[in-house]
C-alpha cells in the first residue's frame, strides 16, 4: 500500500468498475467464473500484493512473480493470461501497463492543489495571473509574466520577465524559467533550468567573445521536464520542445535544438546545439547526440551511445560511435569471438 | 594551510597525540630517534608542507613528492617508510589515508552548528522538530514533517509534506526532499532532488499516459548524496538507498532502484529503474546501469561503462557494453595490435 | 527578430557602422557597388532573414542556406564571398562568427542591471559590498563575504561565509557559492553548486571515514560556469579554474582539479579528482577525464570519450578508452571492414 503520509487511497473499487476504467475484459485464472463485484482495495506490486490488491504484469522478466503472486486480481496481456494462478481475477487487455496507469490513477488521484498566492511570493504588478493559480512560498515572478489558469508554482520557483506558462502546468520546487514560453499541462521538475544563455562564443586572441543568444525556448503542451535538467535558449532561432515530449532528469538540450512531438529523452542524455529530433524520437539514458544532426521520425539511440551522423526514420542506432544497432551487436559478437580466439593461442 | 576564511585550525598537536589519533607508530626517516613531543601545527599536501606540517602519502603516484617533501611529519604505509627523507617524522600505519582523515579532522573539526530557526523559515505548525535543530533562511517545511534532533537544514531547503529526517542529518542549500524518509547522520548536498515523480508512462495513440508513482524514497543512515543529484521515488515499490552509501554529484537513480549498504556511486553515474545493487557495489564516474539488473555484492563497474547484464559478486566489469574488465582490457590490447597490423600493410 | 518580451533592439545601424564594429570589409554579392549607408534593422538566421536583416555564415554545412538567403547583408569569410546571392551586402572578414558576435551585441546590448538590494535579501552585516551591486530577492549573503563593484546576484543565490566575488560578476538564480573566491566578470548560471565538500573518504571496516576537505575553489576572471554544474572544493590543495574558462551545463569538477586559462568543458563532461588541464584544453560533451591525469596545453578530448592517460600538448584523443583520435577513427574503419567481411561469410 502506498505510504499514507504521501498518498491518499480513494478505493475500494469493484472489479467491474476497474475493468471499465482499464478498458479490459474480466477473466479468472484457471477458468472459473469471475465475480464482477469482487472488492479491490489497493494496487500493489506482484510480489507483495495480497488478496484485496490488484497488480499488473507488463515485463516478461517478471512472469514467475506473476505465477507466484497472491494478488486478488491482475492486469494482464491475453498472451499471458493462461499462466495466471488459479482463482486470480484477471483484467485482460493488450495494453496492461496503460490499463494499470488508469487503475492506479483511480485509486490515487492527483491531490487537488489549493489555489492562492502565498504571502511570501513576490509577484510583479505587471504579471497576469489566470484563475485558480497556486503560487508557493518564496516564488519570484517577474514583470510581464503570464500564467494561465490553474498554473501551480511550487516553493522557490523563479519565473523571469516576459515568460508565459500555459494553463494547468505545474512547476516543482526551485525550478527556473527565463526567456521561454511553456505550454499547457506541462510538468517541470525541481531544479530544472530553462532558458539559460546558450554556450556560444567565438575564438579571439584575447579570449573568447560571447555571442549574444537571442532566441528563446518554446515548450509545447503536455511536456515533462526532469529534475535538474537544463535547456538553453536559442542563439537566434529558438530551442523548441514539441507537444508531449518526455524529458528525464539531468538531461541537457543545447541552443537551437528542436524536438518534435512525443520525443523521449531518458536520464542524463544530451543533445548538442542545432540538432533536430523529429516526432517520437527516443534517446536512451546517457545517450549523446552531436551538433547539427537530424534524427528522423521514430529514430532511436541506444543508452550511452554517441551519435555523429543522422539517423533515418524508425531506425535504432547504438555504440560509440553510434551505428545501426544490429551492426553494433554483430560487432560485439565479433569481439567476443576474437577474445575466444586469443585464449586458444 | 587551510584558508582561515573557511576553516579554523584548533592545533597545534604533539606528534604522539597525533599518533594516538591516527592509531599509528612513530618513526623517523633515516632511522634517527623520534621526538614524541614534536609540535605539529597544520596538515598540508606533500609538495607544499613545511617543517611544522604533517602530510600523508596514499597513492604511489606521488612517491617522488614524498621523497622530496619538506613536511615535518608524514603518515605513511610501512612499505614506503624507508623512502622517507632523512629526519622526517613518520606515523606508520597500514591505512594512511584513513589515519590522515582522523588527523585532519582533529585539526579542523566540523564547526558546531548553532541551533535555532531562522525567522524567515516557514515551518508548518504540524511539523515535529527535534531538539537542537538548525533551520536556515527561507527554508520551507511542510505539514507532518518530522525532523530528528540536531538536524540542520541550510538556506532554501524545501522539505515537503510527510517527509522524515533522522537525527544529525545535514541538508545543504536549496536541496529538495519530498516523498521520502532520510536516516540519521546523512549529508545531502546542495541542489539534490529527492523523491521526484519517477519517469513512468505507458504508450497510447493520443500520447503517453503517466503511470502514478506511488512509492517513496527510503534513505538509510550515514548516507551522502551529492550536489544536484536526483533520486526518483518508486513506482509502487520504494527506491531504497542503504546505510552508508556514498553518492556523488549529478548521479541519477531511477524509480525502484535498491542500493544495499555502503555502495559508492561516483559523479554523473546513473542507475536505471528497478535495478538492484547489493552491499558495497561501486559504480565509477559516468557509469550507467541498465534497468532491471542485479549487481551482486562488491561488484564494480568501471568508469563510463554501460551495463546490460548482471554482475556476479565481487567482479569488475567495464566497457561498452560492459564485460568482465580483464576481457575489456584484452580487447583493447587486441585493438592496438590490429591498428599496428594496419600500419604495416 | 529576437522576441521583444526578452530582448531590446537598439538598431537600426548603417552598414558602414556595422563594418566598423565587425572590423570587416564591405562588398556586395555579384560585384555591384556597395551602399555604405544601407540601413540594417536586425540580425537574423540565414533562412529567415529579410531585406533589412544581417546574417552570418560560419559553418560550411549551411552554404546552401547562404546561397538561398534573402538577408540584406551577411558576415562572411573571404573564401565564401563569391557564393553570395546577387545584390546581398557583405561584411567580409576571416572571423565571421566573432564579427557577428560584435554586431549582435551592438543590436542587443546586455540590459543595464539596476543596482540595489532587494528588501527580502539577507545580507550579513559583516559582508562588504562594492558600489553598484545588484542583489535580488531572497538572496542570502553570509558573514565576511566580499562582493566587488557591480556584482549582480539574481534571485535566491546563496553566498556562504567568507566567499569573495570580483567586480562585474553575475550569478544567476539559485546558484550556491561556498568555500570559494570568484574573479571578475564571471557568469555563473542558475543552479551551479560551487565549493561542495569533495568526494573523499577512506575505507574502514565500520564504513567509510570522511576525509576533511580543507581546500577551496579559486575561480579566475571572465569564467563562465553552466547551469546545474558542480565544482567541488579541494581536499587540501584548491580546486582551480583559470581565467577565461568556459564550463557548460551539468559539468562536474572533482576536488583538486586544476584548469589553466581558456579551457572549454562542454555539457555533461566531468573531470575526476586531482587532474590538471593546461591552458586551452578542450573536453567535448559527455567526455570524462580520469583522476590524477595531465592534459597538456591545447589538448582535446572528443565527445563521450573516457580518458585513462595523459594527453600530450595539442593532441586530440577519443574513444573508450581514449586513444589518439586518428587511431580511434582507423579502428572504427577497421570495425566496419570486419562487419563487411562477416556479411560475406
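Per-chain residue numbering starts at 1, and chain names A, B and C are given in the order in which the chains are listed.
One rule holds for everything that comes next: a contact is a pair of C-beta atoms (placed from the backbone, for glycine too) under 8 Å apart; a residue touches a chain by one contact, two chains touch by 3 or more.
This structure is a prediction, so every number in the text was calculated from the model and none was measured.
Here subunit A and subunit B face each other with different sets of residues for the most part; under half of the interface numbers are shared between them. When subunit A is fitted to subunit C on its Cα atoms, the angle of the rotation, on a 0 to 180 scale and to the nearest 5, is 120 degrees.
Inter-chain spacing, taken between the CA centroids of subunit A and subunit B, is 28 Å. Annotation for subunit C: residues touching 2 or more other chains are 138, 156, 174, 191, 228, 250, 268, 286, 320.
For subunit B in complex with subunit A, the residues that touch the partner chain are 122, 138, 140, 144, 156, 158, 160-162, 174, 176, 178-179, 191, 193, 196-197, 199, 201-204, 207-212, 214-216, 228, 230, 232, 236-237, 250, 252, 254, 268, 270, 272, 286, 288, 290, 292, 304, 306, 320-321, 323, 327, 330-331, 334. Against subunit A, the residues of subunit C that register as touching in their complex are 2-3, 5-7, 43-45, 48, 59, 61, 95, 97-98, 100-102, 104-105, 108, 120, 136-138, 154-156, 172-174, 187, 189-191, 222, 224, 226-228, 243-244, 246, 248-250, 262, 266-268, 285-286, 303-304, 319-320, 332, 335-336, 338-339, 342.
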